[in-house]
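All chains are identified by letter, namely A, B, C, D and E, in their written order; residue positions are counted from 1 within each chain.
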Amino acid sequence: MRNFITPRYYLPALMIFILLLIPLFISSPYILHIMAMVLFWAYLASAWNIVGGFAGQLSLGHGVYVAAGAYVSSLLFANIGLSPWFGMIIGGLVAALLGVIVGYPTLRLRGAYYALATVGFAEGFRVILINTTKIGSWHTGGAEGFLVPLLGDAPQHMQFMSKVPYYYLALVLLLIIVGFSFWLDRSKLGYYLTAIREDEDAALALGINTARAKLIAAALSAFFTGVGGVYYAQLIRYLEPNAIAGAIMSNQIVFLAIVGGRGTVLGPVIGGIFLTIIGEMTRILFDQVMGLHLFLYGIIVVLFVIFKPRGLIELVEKPYEKLVKMLNGRRVEGAS
Amino acid sequence: MGVLSSIINGILMGGVYGLLAMGLTLIFGIMKIINFAHGAFLMVAMILSYWLWKIMGLDPYLSIIIIAPLMFLLGYLTQRFTIKPVLDAEKDVREPIGALLLTAGLAVAIENFILMVFGADYLMAKTAYSGASINISSLSISVPRLYAFVTSLVVAFLFYQFLIKTELGRAMRATGQDRGVALLMGINVSKVYSIAFGIGTALAGLAGIVLIPFYYAHPSVGAVFITKAFIIVVLGGLGSVHGALVGGLIIGLIESVAAQYMTATWTAILIYFAFLAFLLLKPSGLFGSRYEW
Amino acid sequence: MALLEIDNISVYYGEMCVLRDVSAQIDSGEIICVVGANGAGKSTLINTISGLLKPKTGKILFNGEVISKLEPYQIVEKGVIQVPEGRRLFPNMSVEENLLIGSYTPTSRKKRKENMEKVFTLLPRLAERRKQIARTMSGGEQQMLAIGRALMADPKLLMLDEPSLGLAPKMVSHVLELIQNIAAQGVTILLVEQNVYHALKLCNRGYVLENGSITLMGTAEELLNNPHVKKAYLGL
Amino acid sequence: MFIKRNYKIFLLCITVLLVMLIAGCSGGGKSSGEVKEIKIGNILPLSGSAAPVGKIGQQARDMAVEEINAAGGIKSLGGAKIKMIYADSKGDPATGVAEAERLITQERVALITGAYQSGVTLPATEVAERYKVPFVCPVPSEDVITERGFKYVFRLAEKTTWRNREQVRFIQDMAKKFGTPVKTVALIYENTAWGQGAVKGWEKYLKEAGLKIVLKEPYPANSSDLTPVVLKVKQLKPDVIMMCSYVSDAALLTNTFAEHKVKPLAFIGTSGGFADPVYFKTTGDNSEYFFDISTWEPDVNRPFSKEVNEKFKQKYGYPMNAEAVKAYTAMYVIKDALERAGSLDPEAIRKALAETKLTSGVTQMYASEIIFDESGQMVNAPLIISQFRKINGKMERVTVWPEKEARPGWKPVWPFPGWDK
Amino acid sequence: MPAKVLLELKNVTIKFGGLTAVSDLSFKLFEGEIVGLIGPNGAGKTTVFNLISGVYRPTEGEIYLNGENITGLKPFQICHRGIGRTFQVVRPFGGKSVLYNVMVGAFLRTNDTRKSREKALEVLQLVGLYNKKDVLAKNLTIVDRKRLEVAKALATEPKLLLLDEVLAGLNPAEVDEAVEMIRQIHKSGITILLIEHVLKAAMALSQRIMVLDYGKKIAEGSPEEVTSNPEVIKAYLGDNYGIA
């Protein structure tokens, strides 16, 4: 019943505020584009985190859902003119359906077997995507990829000439997924998923329908990932099966979440921001050295798995708590 | 005749796949880790073998003497300094996947390290026998593939003998069957892990060496083979050595024979479906059992 | 001098204390038993001696030498051998292979032939079934093999964790007889049992472990007649 | 325990990484002050599997820029020097887009060139179009690149299907000339955008020519074994085998054909892998008498060809390839346009590019006349057929068709003489 | 007083490979009872629990809860129908707080986080873990882990609670505490079936005792009847305990 002016509330609010203001101070579309990508990757990592983090099921094939969302919405857009805004919902739902189709048989598998199965599904899906040039009379482009029609400034179709709307859209998506994760963390489903991650047999004995809970998690994760795919499709406007449904996409999502701290609300966000920025910087700074930036990427993942398996969140959490305490202390002092 | 040719070819390639999968299955059987860096190790061996051939004129098959121990060492050190700490930290975790992630990270790091150092060129050791073939009427058998196949079989045989007959091989199997009791038998399990990872890596290396006279090495060549190796070990049963060999032959045959009736890309899809079917319906594979080792 | 001296050790699982300030000693040639309820810490105790767990405080000496910092394989090398609870054979290996693994350490490897002979004389059934795969054997045979496997390591101190567990009564007495025979050959024995009577009948001295601490010690007779033991186990 | 002990090491590693980045960052941003410099952005695959071709393209451009700058830069702009800003696309479309954004808005380049892969070029050119920054594509050939009604995209390269058209013309020409009727064709192509594009062209032009396609066989670009494909072709005994492959699969196909002694009238490649220097290294004699289509060969009978190639060889240790020549030529096309524009205004540059009519100078090594049509597509991009021949024990690409551009004194060998050579 | 039959096992047998772990076991549990299931290690007690709670499916025979055949149902379905259980080897969700652990159980009967928390806190009071509600489960002592185990099961609001050796490993003072706790639980109207090794406590608690040996029921009756049964003494304590 205290007032809301405690650091616990105003610090996050401040952060969101800063993020909202950024486009006012940064005019460079490139920086905005990169920042949109950063937020986007953080979003994808968070979406993966629902099944990979909370439920502890290591999916290595999330590229499939990005592709599903991207292709479904873009095909509807190109062929029947359906706005990607609606496409987001349909793309997300199709991805969720795919998540259920993939998850139903595979989620019975544990640990490494599940990971392998998701790799298998993703690879199979990618190969099919490459070999399918037409669905009915709709061209998917096969390996040539699919060009999303460019309409210029068409807000009703999620297309903008400026990068600012894309930035805000990514920010909104990220806030939604963080809000969702926050809710999930405190909800029945979240408790159930965590219980499954910690000990599936014990969870069963507590009356948890573990198979269903995992499936719901998989569907939710796929849904959000699919929605992300729709965003990607409108931002990049070119869908290439290998880039979008391939191992690089799938692995990247996982790496971000791991480095950030899987199973936590903000870990994947932090991981997404940290690694994407590092990736971008190394790529620009050392572009004359082939492979360096991915090498560093790999090394960072290795270092984190070895030394900080719970992720960056661990490093951020304590200083943040301290800051909150410090600010809290000051306020109290000031008040008295 | 065409079918016969493709059967022969399938068997020859299948042997090499089997050799690669054997290392993967060994590491899983003993350490319960799926090594996502297996393909990267294969690539390293291919590149090393190529450069030894290129610079010193060393025939790839002779370079085994140098590269196999080197790969063993690489695997040994990788396990000792990267995987071991992760395994130790995850001892009490019910389903440890840290090691799996670690190997995935390692794969990315190794691939790009090689890219940085050696560049991305496609390399193939063009030996005297590289393009040679044995022709019996319209049937032709590729000589380098034949060599690769025979080598794979010999290595598989030796490896099997090693597991059955030697003290260390026995200790490895024991560790795979029951790590806890292996400790009580005076087996230095941590060292056995390192050796197993070393041997697994060396097997990947051998597969790389036999490939280099007819296949092209480049930093991402591992990806071509690693998925196939995953499929094979699941088919043969994770942890099963002969399963890996048989699985390799099956995949080789499917690839070769099925491609006569459909396009090569659809063969790939067919194989993925077979893989998923096995994972879902018979995850223990053809030969796997909990007591494999 | 005591063959094995446990000096005030405490063992933790994470932050949970499973053994608290446990001290005990075993002299050469003794048969010692540790009795206690499920979860009292008996297995933890012998696993700590074997080096699978490291004490947080205190130390363990074997032949006057600190072994509590050594790795399990180094401890085995010194002749401290454990027959784990539930046999835990290498299920996919033959009887012979299980025995061979038993003599993995370099020292015991040298005496492998000799020890194998010994084991086969002691346990002729194993000789008959050399080639049988371990998991296909009956519970009693498996326990025999587990003990035989331990003997291959040429133990100075043999620790048995609930060897009677899940065996038919006839088999139980057979196993106990076997343990006595082994002791007669000069092997010091540390026996962990829930079955109080069996255990105490066999041994010279015993310790009672309760909730991670030693609450009683004494000769077998003392313990058998101790009302506390009776109470704790019988509720009489 | 190990974890704790190494916590500091870990922190150190991360710190070092960050410091490195920050240091690098502050060092990287200092390029705005200089005047008299024209920044040209170049998106290339500098990492990933296409990195080698990215590298040779970079070298060719560097050489051209050096020459242009040494010769006094852009005179109409007061002798301003050209400065290349290279950006790595990793061969990934999303990265290509980000890089195009960066080049345009951060580096403020006057124009962009690149991006080798069609898959990267497609979205990257779209970015340029949006910002109204001219984009010169020397290499990417997917038809659609110049078929989107864009105003700022100019392509020096031929369209994919033009190659297929020329290949078919070549077959008909040879069949007539040597009296060996060609009825059936097998198409083998790697199954990515490029191969799938090629097959469309083949289908169209082969049909027009009345030839029968007996096999249409796509294979995954990273196949571990192509024997199955080869065996399939062998069964069908087509008159001509046409291939569209990257280098590893091109070599793999060639060697496997040799192993199984497949003997059609002709093997015809579609540049790409067949034009890669690695191809000869790894196939040796096996590729003798194969045909390949390309836009340039070291021996092609065109002005400046020899000289520039010699210089390049001196500089980098290996000869140019068609991609390098296109990249090199593109720099001169750009120079010419800048010279005529006399301004860095994108609209002016665009206009100058659109009005390009280069009929002299080193660009002759690529084409005698460089003109863009309204779509920005170069008209009549040159195409030639070469045959792989063993000369003094070494494999060489010998230009044999069309006759006027052929290496003097050399004629195509048709039909394929067989493997026992 | 003719009480209602809550749980009934009819000729339940389970075989693992060649081994018959439980053979032809039949018994009834009446509403409101506390029944002890005792027997030497390896007698099949925990297997009986696994059968009732649905971890294993019997090879033969049926299990009824409130007259409903629950044979072959999945563990979570059985839990829904009102059977809670603890594990002999405690299985907390180690990385989470005590409260979190119990809330997982409490969510079975509610979808509301607040209600689940209330229920969990109530249960924690009952088992005496309230003060440790924010401690990570993996940092608890053995005693507290057992309490937590019980609390988790209780939070699912079972009609029947299966307690697997919750007293094992406790010292006498703790045993007394735990016995008191179980009595409290029983008082709140929950039927209890407990596996015990510590006979004293089992007998003090149970109204009725069943003795299992080699998967067979060898005796059944009041604690006094059972402890004086020579077969039980033989099975449980060894052949000649009485003589020594």
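As a working rule, a residue touches a chain if its C-beta (ideal position, glycine included) is under 8 Å from a C-beta of that chain, and two chains touch if they have at least 3 such contacts.
All figures in this text were calculated on a predicted structure; none of them were measured in a lab.
**Q** Provide the labels of all chains in contact with chain A and in contact with chain D.
**A** B
**Q** Identify the chain pair with more contacting C-beta pairs: B-C or B-D.
**A** B-D
**Q** Take the average of all CA coordinates in chain C, do the same for chain E, and state the distance between these two points in whole angstrom.
**A** 30
**Q** Could you put a whole-Å number on the gap between the CA centroids of chain C and chain D?
**A** From the centre of chain C to the centre of chain D is 74 Å.
**Q** Between chain B and chain E, what is the gap in Å from one C-alpha centre to the other?
**A** 49
**Q** Can you pull out the residues of chain A that are in contact with at least two other chains?
**A** 127, 130-131, 198-199, 290-294, 300, 306
**Q** So which bits of chain B are touching at least two other chains?
**A** Expected reply: 85, 89, 92, 112, 115, 119-120, 219, 223, 265, 268.
**Q** At least two other chains touched by the same residue of chain D: list those residues.
**A** In chain D, residues 3, 6, 47, 51, 55, 191, 218, 220 touch at least two other chains, as defined above.
**Q** Name the touching chain pairs, would you?
**A** Touch list across chains, by label: A-B, A-D, A-E, B-C, B-D, C-E.
**Q** What residues on chain B touch chain A, complex-wise?
**A** 28, 32-34, 82, 85-86, 89-90, 94-98, 100-102, 104-116, 119-120, 219, 223, 227, 230-231, 234, 238, 265-266, 268-269, 272-273, 275-276, 279-280, 283
**Q** List the residues on chain D that touch chain A in their complex, please.
**A** 3, 6-7, 9-10, 13-14, 17, 21, 24-25, 28, 46-47, 51, 55, 86-88, 90, 92-95, 97-98, 101-102, 104-106, 118-119, 122-123, 126, 130, 142, 144, 148, 191-193, 195-197, 218, 220
**Q** Enumerate the contact residues on chain A facing chain E in the complex.
**A** 186-188, 191-192, 194-195, 198-199, 201-210
**Q** Which residues, counting only chain C, touch chain B once they are in their complex?
**A** Residues in contact with chain B: 14, 50-52, 71-73, 76-77, 81-82, 84, 88-93, 97, 100-102, 104-105, 108-109, 135, 149, 153.
**Q** Which part of chain B faces chain D closely enough to touch in the complex?
**A** My answer: residues 2, 5-6, 9-10, 13, 17, 84-85, 88-89, 112, 115, 119-124, 126, 130-133, 135, 140, 142-143, 145, 214-216, 218-221, 223-225, 228, 252, 255-260, 263-265, 267-268.
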